[in-house]
């Protein structure tokens, strides 16, 4: 067993252990924090598919995070007020079912990623970073100024949505849902990285010309990666909205894109468990530093700077060393 | 022994705040407000006002958290305060959009929420709750009063301007609801916009006699400075938010002569207000703002109810709050059935007192003002 | 002679005032090794790019296996059966040696949109990748990181990746560079046998290898083909001696 | 809409564009020469505004305030370059984005620590206050005209600097080939620090000039930063000419979009929803412009690389 595998097991165990200990000590807020970490890690896992595997530095993943959130907000608010979403040409009702909401969030953000990716992937480098940022900003301003769903005020959902057989308002049960999804997606992302697609995608990041020469199209690989990445981040957005029972345009802001990127880089780019480590560390810092000083952003900034300058490869890279080749 | 000390401490505190407590029921208050990032000034004022009024009351335990003006953080802090800190009462939110997130989360978990600033219409109407009390204003109040005053004072043609987001459009609709003259222009700007040259040109080109605008924070500062420099000669009116003490310092002389509606001003002539303004300046070395006044009143209201009922008895505590038996710095203050204020809204003018640019009341714009959403509220 | 597999007709390419490719016509027929030689800066690499699809030609046509591919990009040309190796190694450096040939096998297979089964447990792809490594003599390096290979080994890996594609035609840009005498000799023997599988358009500076291997040689100078013929014909050709070989004789 | 109003709006767009150029010029120079994405450029803009407001409040002199803004932002820029940025030149864009994102956090909260949460006061100097009458009966604020003038002067200065001076030659050499300037015997690290400080000074100047008509507050640099990025991406990263053209384009699009779109939508929609939909589209207009440009020219209007 390599050091990284060992570390991954530890990282994987951290969140449920924290949640269970908190449950035993009757500290429901700690469970909520662990849930938040799991959901943000999920968003990071999504970004990492584009960023780590595909080398696509997207500065606009807030777009998908927000779309997922609004999928939840819009569907649940219609169910809450018993007004249909649409009557013509056919009737669409709102819903409080998490499973349906997740499906809609995934499809909506995948479609958005398809459109944004198809346009953005024509550019490379800094231009790609900036064009994805521009798409995120577009959705941000749209969400703020579109009055139908609360605009800047956002949408409040009074009760968490339903999941068959569970009481979602109970922190530990909602944690189980969020962590369960994270576990499934981590497993899927791990398989994806080692599957045919992952091999080709990662090769396209390392050397696009090589991939073309063996007859594969980097653009297609990247577009598919971008869509999968967007869909996973969208799913995280829907869960995040359910955690807060609230959505607002903040989910679309470029700070959100930056934060998701911070999770990935803090943990280690391209490492399967990087976003888990990054998100957990971020939440921990926010919680402890935030309690120490009003100006905790200064410390957070300093710490980030130190990680970038001196701890290359993020947390996992620093502890586990250089990545060993697969198999 | 311990109980006696508590009671003794409570009565000293009661003397300090100018009222008597019937018993020493303890209340743990969670305050979630904006203390870092943009708009932190407002949260700091609410906090300082509240702390000033609660000073010395050992029965009132206060936990303060910073929401960074982010709705998701605010909701998580709500969960934290309720689940971990086990608070009885929540307060502190500055922004409507955060209130829309926090208030339902708090009341759904059976906690009282006292709003020291925001009053979105949904929470005054359909979304009202027996546990939710607004100690500040319903969002439309200043605008409706502004429309009334404009109609009563011979203003005929106005140009409306606000950011393109719900608080902005709601505000302008509030003004239009009571204004009897003609709206000759209406512009909704980008949220966070800092350059208003284009809008000022439109204002210049219109035949309006008065500009009525709502631009909170830095947006209002930018607009006023640019408007003053443009040489456009039109009256300017707005709600108090753009002309509050913290902001006037940054606008300077450019704001002189502007009329703005407010439920509070430091020159309201009553004993409670005089004491508040003096104490606040003594404690913090700056003039209080309306946010500080609201924070102060919120703490007074809470302590008045603590004197009458135990917070664990929700029905009794609710009834005690409904009485609003405290000496508000605003003068007369009562709650309507939807737990929103019935209060006078004044018209103020920006003047210079020595070197300090500040506000002075020039009349009452709307007496015993009450919001229109109460009809939809079913408790 | 059968119909040529690869046929260039009147290809041109200019960069500003510089004519990098000047009316080049060439053919490659089954079973042959056609070597392309010329001094540095003669336009060999530009021509290879035009053939492989990385560079649009200003005019002229490229026909491949009876099909006009002039307006196709790199990927469709590769899929049609053009197997290329690069002058400067172009490999996935973070990968193991075997992963690089498996990537080639994957390109040959074409079914890349599979997201679940680990590719390195895919027997068919791994066997094909391994077989290619064995043929160039890199099998014992299979688990090594590509970045840790020597320059010569990377050239061999380039060839191995091309083998996995089972191309109809090989385009090889200086495969001998950096191999050293014995490696070069081994590869010469290997390419000699390879021509039976598919013809090779070989750009090479190693004249011993060129004269040992090439059925035909074309000489490129200033973007123009000044002569085409067998090794003996080229050696005797006065223009070539003057423009190119002459310079070497003088050394 | 009358012609006079339209001309006035075009002037407004121009003024906005010229301001953006001051930001974008530094950003694009820094990218062109050092290959660095600097998200913290907006913080230097804020530093300039705060320095100006502090010194103006202290001395009452706007000229001194401008000097202070230039000095403070150039110093802050040079310090940041020496301490942090120079470790980032060899890194990929990802590391640069993250490290400069961290710098934003530090600058913003640090400034709040020093100056408090309330906006500062900075006013237009009395000599430049008020409007003047332009030919054609257009009443226009003098200060804005001065901004246009200063901006165009600085633009001319930057072009001159790049085209004619020794530093300019070094900068151009650096853009073309980083190894070459080393070969030419130029002290690269000194050049980099100078370019960075120059970019920072331009940003600080913009912050001070704009601070007098807007609000001097923490976070004021972020919206401008994003716009400046839009500008240099449209113009082509690394190109000063592109930055100028991009600035004017973005300035005009943003200003005229906000003015013209709502009435345009009102021609086929009810007036009430037209204002809000029109404003919504107007706020997205520059991003739509940027996406449009990149679709046709994936490396910007004047981007060679």
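When the chains are written out, they are named A, B, C and D in that same order, and each has its own residue count from 1.
Assume a contact is a pair of C-beta atoms (placed from the backbone, for glycine too) under 8 Å apart; a residue touches a chain by one contact, two chains touch by 3 or more.
It should be emphasised that the depicted structure is a prediction, and the values quoted were computed from it without experimental measurement.
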Fewest hops from chain B to chain C - one hop per pair of touching chains: 2
Contacts common to chain A and chain C (chain labels): none
Chain closest to the assembly centre - both centres taken as Cα means: A
Reference chain C; chain at largest CA-centroid distance: B
Between A-B and A-D, the pair joined by more C-beta contacts: A-D
Between chain D and chain A, distance of the C-alpha-averaged centres to the nearest whole Å: 32
Interchain centroid distance [CA atoms averaged], chain C/chain D, Å: 50
Chain B and chain D, separation of their C-alpha mean positions in angstrom: 36
Per-residue multi-chain contacts in chain B, two or more chains: 36-37, 164, 169, 188, 190-191
Contacts with 2+ other chains: residues of chain A: 141, 144-145, 147, 295-297
Multi-partner residues of chain D (each touching 2 or more other chains): 108-109, 112, 276, 279-280, 283
Chain pairs that touch, as defined at the top of this document: A-B, A-C, A-D, B-D
Chain A residues touching chain C - in the complex, by the definition given at the top: 188, 191-192, 194-200, 202-203, 206-207, 209-217, 221, 224, 323, 325-327
Residue numbers on chain B that touch chain A, as the complex places them: 35-37, 66, 70-72, 75-76, 79-80, 83-84, 96-97, 100-101, 104-105, 108, 120, 164-167, 169, 188, 190-191
Chain D-facing residues of chain A, complex: 51, 57, 59, 119, 122-127, 129-131, 133-135, 137-138, 141-142, 144-147, 254, 258, 261-262, 265, 269, 295-298, 300-305, 308-309, 312
Partner chain B, residues of chain A touching it in the complex: 27-30, 32-33, 36, 141, 144-145, 147, 150-156, 158-159, 171, 240, 243-246, 248, 250-251, 290, 294-297
Residues on chain C engaged by chain A in the complex (per definition of touch): 52, 54, 73-75, 78-79, 84, 86, 90-96, 99-100, 102-104, 106-108, 110-120, 122, 125, 143, 145, 161, 164-165
